[in-house]
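Two complexes come next, and they have one chain in common, chain A, joined by chain B in the first and chain C in the second.
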Partner chain A sequence: MKPPAVARLLLIAMAGEHQAEFVAGDLHEEFLLLCAARGRQAGSRWYRSQVLRSVAMLLALRFRSGEALHLMAAAILAVAMPLLLLDRLWRFVYSNIPLKDGLQRAPEFRIVNLVCVCACAAVCGSLAHTVHRAVGVAVACAVAATFALWLGSSITPILYAGAVILAAPVSSLITFAWRKSR
Partner chain B sequence: MKWLKRIAILLAVLIFVPLIVLLAMGHRANAGRGDAAIEINTSPEHLWTWIDDGDKLKQWVSWLVEVKYPDPQKTHGAGAKRVLVMRDENNGGMLMSIAGTCSEYAPPTRMTIHLSDTEGMFDGDETYQLVDLGSGRTRMEIHGRFHYSQWFANLMEPLITPQAEKKMAMDVAHLKTLVESQAAVR
Partner chain C sequence: MPKGEALGEFEYLVMLAVLRLAADAYGMRVRQEIATRTGRDVTIGAVYATLERLVDKGLLSAAISDPTPERGGRAKRSFTLTGVGMDAVNRARQDVASMLEGLEFPLSGGSQ
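Let's look at the complex of A and B:
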């Protein structure tokens, strides 16, 4: 019997490479026992609540070990920096319009941003060697993209922000999966 | 190693292909040229005041904060100078001054203003042409042609000009709304 997929993914993403295996193993054992005693629904509920309760602690452990910092630094360099550089470039373009313009950006510029984020996140994903690392990279890419959007100067429509934040991890995971399959 | 090579190729493509495209596009015949046109339900004489009067100009040209006349004795006509103070939101909301000199003045049909950034980033001409369509309708055309002095701005010209054109189109649409709503009130 498998535990809830989203909760398991969250656990893998938040826990450090060394902790994930043990924590997931322990939780899985307890989950199986609970499912046998009180049914699958109760087991899944318990699993989800345990994952949610452990997220902060696991993340703190991961930061202390330096792994999360390493991932975040890589994601900031690979995803947030290009996005911020593009934001600076679009600001330059709009600032050079003879009779000036506001902070709205043309759709084509947003598409360029999105393509760039996908390409950079894909590069990050292709460098991950394990599933655990790939999930970590994907989460770091999403966080870095959010950070870059927050720091950017332009007006960001919700739809575009959602697309960027989603495209970064998806692109990184797809490249990882494609590379693994070859 | 193979993957690193692929990544390097991808990054090179992402940087160099756009650069080459921009360089090639910068040499097109209508580089730096932007046009906008609109038909407005008003007479050319009435519309002329909207392009000639600084206070009215402020109402429809977005981000225009102030129009100054360096020579109060000569505010209209060929040779008249005006300074457009624009708020540049993309530069932290700084106020930028653009010096304008009227080089062609033929009311109520045609006016050309030579515009140049006081920081020397660009210069060019903007021509306003009003065509009487009869029955109280006027076609307003704006033709702008600008040259960017700084090398990077010049490289980015193929991106700047279409955005400048879009901004121009939005401004004239705003002008149409203003003029026609005022006419309706009257």
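Let's look at the complex of A and C:
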């Protein structure tokens, strides 16, 4: 019998690499005991509640151990910085074209940004050694991409923002999976 | 013990739970022990955050055991009190006992 998948994934994504295995093991053990005593539904409800109420503390623990800070620093350097540099470059290019300064970027510029983000996030994902670290990298890439879009100088269409925020973690996870399969 | 390193209330409870459980002191059992004895709804996150802090302070030591099927193939991390930890518990107990001295319980005027 397995605990609820979404709660399990959330736990793995939020708990530090050092803690995740022990916390997940403890919750799994108690989940099985609860299922035997009170049924699967009660066990699942208890598991979800434990994960949701523990997330903030586990995340704080992860930051305290330095792991989350390393991940965020890597994602900011690899994903947010290139995005911001490209934004500045396009701003410079536009400022040199009469009457174009301050206008929305053309789709081609956004595609270049997206490809660049995917490539950088893929490099990050390929460096992860464990599933847990890969999930952490993916979350950090998504946060870094959001941060860069928020700091960007141009008006950001929702579709483009969504594509960037989704493409960064997905490409990092795909590269990790591809590297693992080889 | 330097200032700021005295045991907090929850830390004290966790230390006592580890002491009671002896060789069986790991996250889930510590959580259950506190929940059963105090009636508090304790989360595993709170227990781990406290255990980790106590390990950092040198009051607890941790050992990792082999993975087992009932834990979904995951390892277990057990905790024991160090010498410094035992001193801290002794001191905390002494502090509480000396503060309680001369007081009568239950206090009148409370809701219970």
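By our rule, the second predicted complex is superposed on the first by the 179 of 182 C-alpha atoms of A that agree within 3 Å, B and C clash if a C-alpha of one lies under 4 Å from a C-alpha of the other, contacts with A are read in each partner's own complex, and residues count from 1 in each chain.
Convention: contacts are C-beta pairs under 8 Å (C-beta built on N, C-alpha and C of every residue); 3 or more make two chains touch, one makes a residue touch a chain.
This structure is a prediction, so every number in the text was calculated from the model and none was measured.
Chemist: Should the superposition on chain A be reported as showing a clash between chain B and chain C, or a fit?
Modeler: The answer is fit.
Chemist: Check whether A:149 is in contact with chain B, with chain C, with both or with neither, and answer first, second, both or neither.
Modeler: neither
Chemist: Given the touch rule stated above, what does A:80 touch, chain B (first), chain C (second), both, or neither?
Modeler: A:80 contacts neither chain B nor chain C.
Chemist: Between the C-alpha centres of chain B and chain C, what angle is opened at the C-alpha centre of chain A, expressed to the nearest 10°?
Modeler: 150
Chemist: Once chain A of both complexes is superposed, is A:98 in touch with chain B (first), chain C (second), both, or neither?
Modeler: In the superposed model, A:98 contacts chain B only, not chain C.
Chemist: Under the stated touch criterion, which partner chain does A:53 make contact with: chain B (first), chain C (second), both, or neither?
Modeler: second
Chemist: A:119 contacts which: chain B (first), chain C (second), both, neither?
Modeler: first
Chemist: Check whether A:165 is in contact with chain B, with chain C, with both or with neither, and answer first, second, both or neither.
Modeler: So A:165 meets neither chain B nor chain C here.
Chemist: Rounded to the nearest Å, state the minimum C-alpha distance from chain B to chain C in the superposed three-chain model.
Modeler: Superposed model gives a least chain B-chain C C-alpha distance of 30 Å.
Chemist: Of all the chain A residues, which ones make contact with chain B and with chain C?
Modeler: Dual-contact residues (chain A): none.
Chemist: Which residues of chain B touch chain A in the complex?
Modeler: Residue list for chain B touching chain A: 3, 6-7, 10-11, 14, 61-64, 84, 86-91, 96, 98, 115, 117, 121-122, 124, 126, 144, 146, 148, 152-153, 156, 159-160, 162-164, 166-168, 171.
Chemist: Quick check on the complex: what are the chain A residues that touch chain C?
Modeler: Those in contact with chain C are residues 2, 19, 21-30, 32, 50, 53-58, 60-61, 64-65.
Chemist: In their complex, what parts of chain A are in touch with chain B?
Modeler: So the residues of chain A in touch with chain B come to 89, 91-103, 106, 116, 119, 123, 126-127, 153, 179.
Chemist: Going by the contact rule set out above, which residues of chain C touch chain A in the complex?
Modeler: Where chain C meets chain A, its residues are 26-28, 31-32, 43-46, 48-49, 52, 67, 70-72, 74-77.
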